[in-house]
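Please go over the structures that come below.
Look for chain A in each of the two complexes below; its partner is chain B in the first and chain C in the second.
This part shows the complex of A and B:
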């Protein structure tokens, strides 16, 4: 597979921290979180495999091209619109969560709206770029961030603050049945492959995902899932972690790099995640925008020979997020994120029906 | 050369956008000369019922150059019913913004230990700017006396309290460093109890001594640990590698300096047997001091004496803790971590702990008699 495909998968894995996944999992630590993680690991890998295999058989084509070719127009419209909306919300959740984080930790004196607007300024420029440039941006940001994230993770595993007894204690709740919300939340980590619905347009060469690729994704996904869940428990304590709103942020604060320029890992961590969450929102909103463009194109809105449709959608995206960021409280955000992740899990399961249908039509 | 105005539009727009970014930074950010850094916070209990807390802040006074400056600190104190209101009021006592980003030590007065500590740490955890890697300590007789002590060896920009707990300056097996997050997790978790170091200031405020500790068992009166017990706690909790053992055997008196130490423990419960807590300590070191000639052939015997001595001391400490129902090493957590939670394992452990017997095995290996025999 092309390396750009792996970047798409990785961004979701790493960005789970700002999508409230750890917090949701911590809430279920006494109600079957571990089994849920194992279940979601399997289901996520299967999802990833199916979606990649599907798009591998249509090189160079995104979902809009396929639905238009093989489905009636109105069904295609509904499906693409729903997906566009889903992807928009996925990006929105990351954006709002990170704006809250910035407001809380980095720039407490700055108004929330201003933080979000600056974010949106760069995002708007980013999502209007063509898909190829978006992929290059992702590659660059990831290559800069992944080594540092790796070092912080290594530090987390080797620090004396990590008490393995707490982690072992969490295993003692393994006999509880899994919970749907926890499964849905942790599956989010492995859903990055679904961005192919647009980015497959760029993968024009015939390629096939093989078992080596899957083992690679499974290995990294599995270790990131385990890290996401167990490290905060080991550092913050099995009972105490339940009260903490951002488990991973506080975990990073509990690590200390004594001999580094900044000994508070929290700030390095936040800056890293500033980049990661930017890329994550960039991908999601770019997909949402391209989907919208494929179903709605206003020929008449023109200014100096340039069609303004994408700008219109971008404007709507920004307005929606500015409204949401002022309206939501932290608790509501968490609650709605939980609902959204549940919905995401179900909708992707439904998506496979669509894939099957398209595949049959294509064969016929 | 004439450039058409159309072509200038894009650069102009880009410049305008870039310049507009200056505006937001102007209102959210305070320059460093408008800030004053709080180094440590002290909390004492007053007898005044309406204003039970006395908050003391130690501030670093900025100086122009390192050469000419003496160590300069200034203090703010305020009595109030809550920390936030005290700090809001203290803000009006200085002309600069109080910055808690460098607060690394929080000292509780001895008196306050008899009140709910979870209440007090709440403020520090909830606030974003206080590090969760701040060290907690207990000040005797009061937190104020400890904060206001300025040891003679203290230099500008190197706060003595920081150096005591950060094990990069002084390293000692008598010092316990407890981070805020560590204290918090041990306060909330059942089956493990937090231990805080005790800072003692001398009367002339020129010295701070830290070599004992207080164990805060849940729902129990605080238990004071002597320096010797503090050292043993550090040893058993794998906090320290370097310590000394004094051995007295008949007329022979010698000191072993340990440089590697490791402790493991295991809870053994067999049906129809008394529960046993097996604690293994392995240590390696050399002889540092002796009142007699040390025969290198008898190193094994010396090791054995040392092992027995430590075994005795550890067993005595563990028994004392067991009698008081305190568990600083997390035996309870280990029990919870090794038994499936199909029933209330902690309740089970509480019953077990009162009747458990200790099997302490210490293995000291003395590698050398030092430079001389």
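This part shows the complex of A and C:
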């Protein structure tokens, strides 16, 4: 597989922290979170494999091209519109969560709207770029951030604040049956491959995902899932972790770099995740924009020979998020995120039906 | 017999027309040569023709050879004879330094230019420790000669064309046929044909004209005067463009990372090269971010740094009467003025500028409490790290980007700075240099990265 495919997968894995996944898992820590993680690990890998195999058999084609070819127009319109909306919400959740995070931890005296506006300014520029440039941006950001995140994770595993007893305690609840919400939330980590519905347009060469790729994805995904769940429990305590809204941020604040010019890891962590979550929103909204462009194209809105349709959608995206960020509270955001992740899990099951249908049509 | 007559008429008519066209200039020479029954006529512009060579090549043999037919066949076999296509072409060639010889009703055109700009000068813009110390000259044939002397391969192709509506300068496109990317070459040629400026003075101007975007910031072609760089890039498949009268070449297509390499990187050992490169990127990063980090950490997030550091920042700012943003901007602009002044000033006065500037950037500003001590160190660090970027054009572009980042840091603190950096990154990734992506991390081999079907 092309290396750019792995970047798409990795962004979702790393950005889960900002998508409230740890928070949801912590909520179910006494109700089968561990089993849910194991179940979701398997289901996520299967999802990832199926979607990649499907798009591998249509090199250079995104989902819009396929649905237009093999499905009636109105069904294709509904499906693509739903997906565009889903991807928009996925990006929106990351954006709003991170705006809240910034407001709380980094720039408390800045108005929330200003924080979001700065985000939106750069995002609007980014999602209007062509897909290639988006991938190059992701690559550079990931190559800069991943080593530092890796070091921070190592630091978290080796810190004296990590009490393994708490982690052992969490294993005492292993016999509880898994919960659907927890499964849906932790599957989110492995759903990055679904961005292929647009980015597959760029993978024009015939390629096949093989077992080495899957082992690689499985290994990193598994270790990130385990880290996401166990480190906050170990650092913050099995009981106390339930009271915290952003478990990972507080965990990173428990770490100290004694001899560096920045001694609180929290700030390094926040800035890294600022970059990561930006990239995550960039991917999701770029996909949403491209999907919308493929179903709605207004020929008449023109200015200086340039069609304004993409700008119109971008404007709507921005307006929607400015409205949402002022409307939502942190509690509501968490609740809706849970609903969204549940919906996501179900909708992807529906998607496989679609894939099967397209594949059979293509063979016929 | 009749055709001969018309030929005779046209050739003498052409001569008359030429001398009529050039009559107003004083340096036109129209000289008939006679000996026994041998007749010939020379027409040329004295100041652009090498008269010694003219004497050697044309005048002396004319008197030494016995018969007029011998003279003609001798002249026809001279290698610097040029083909005649039209009256206008003769006129144009004459202004470049060609000589017209009218002999036996025929017109012959010879290229006997005198070039005074063919001295090869020392490298001044991109000095290196190792590697060739001489750069190119300001004459195109000398430059092609230098490049060919360093790149002995039959597939090296030189294509000539003319550019400039008024000046008609010659321009050479040089590439290695075997490794060059064909479609890039086509784009470059088309681009060169489509631009038609009245005058063009230097390769840098050519670079600006060949950019698709009217308002651009980053250089998408590399202007260089180093011959080793030209040869290295030709071998890796780039196209070099030479312009007559300019002592630098332009290379295309380029990527961002080309601008961060010095030719010394090829000559030193592996780890030395790697550490120097690391140093250079560190310089790039620090000159981009330091002003922004200062503003963000003093005005927005003093808690980010460890307490001792934050306190010494704040302590150093005691007495400074304005916000950190004004302070940084004020000192940076003085620094830029100083840099700009020392480039433009005549060498005799340049010393004064640096002394006066040094005083301001030295202790005077802190003693007057117009800037903090930490700030001064920072501005100097920024100035030094800007000079680490090997290619001048890139360092100019980076100087501009720094201010954009400073503005975002002043509006959004550290978050604004990080987002600004990502914004710059996005700007770079969507740039293209003649169809090649400008900012793409080269993780695979060169062949794999430039393959068309890959990303």
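Just so it is clear, the second predicted complex is superposed on the first by the 364 of 364 C-alpha atoms of A that agree within 3 Å, B and C clash if a C-alpha of one lies under 4 Å from a C-alpha of the other, contacts with A are read in each partner's own complex, and residues count from 1 in each chain.
One rule holds in what follows: a residue touches a chain if its C-beta (ideal position, glycine included) is under 8 Å from a C-beta of that chain, and two chains touch if they have at least 3 such contacts.
What you see is a predicted model; the values in this text were computed from it and never measured.
Within the superposed three-chain model, A:118 lies in touch with chain B and with chain C [touch as defined at top].
Looking at the shared chain after the overlay, A:70 reaches neither chain B nor chain C. Applying the stated contact rule after C-alpha superposition, one finds that A:355 touches neither chain B nor chain C.
In the overlay built on the shared chain, the residue A:235 is in contact with chain B alone; chain C does not reach it. By the document's definition of touching, of the two partners only chain B reaches A:161; chain C does not.
By the touch criterion defined above, A:175 reaches chain B but does not reach chain C. In the superposition on chain A, A:107 contacts both chain B and chain C.
Once the two complexes are overlaid on the shared chain, A:133 sits against chain C while remaining clear of chain B. Looking at chain A, you'll find residues 107, 110, 114, 118, 121, 263-264 touch chain B in one structure and chain C in the other. Only residues 2-4, 102, 106-107, 110, 114-115, 118-119, 121-122, 125-126, 129-130, 132-137, 139-141, 143, 202-205, 260-264, 267, 271, 274-275, 278-279 of chain A touch chain C when the two sit together in their complex.
Only residues 30, 104-105, 107-111, 114, 118, 121, 160-161, 163, 165-166, 168-169, 171-175, 235-241, 243, 250, 253-256, 258, 263-264, 266 of chain A touch chain B when the two sit together in their complex. By the touch criterion given at the top, residues 17, 21, 24, 27-30, 128-129, 131-133, 166, 168, 179, 181-182, 184-190, 238, 330, 333-334, 336-342, 345 of chain B touch chain A in their complex.
By the touch criterion stated above, chain C contacts chain A in their complex at residues 300-301, 303-306, 309, 408, 411-416, 418-420, 422-423, 425-427, 429-430, 437, 439-441, 443, 453-455.
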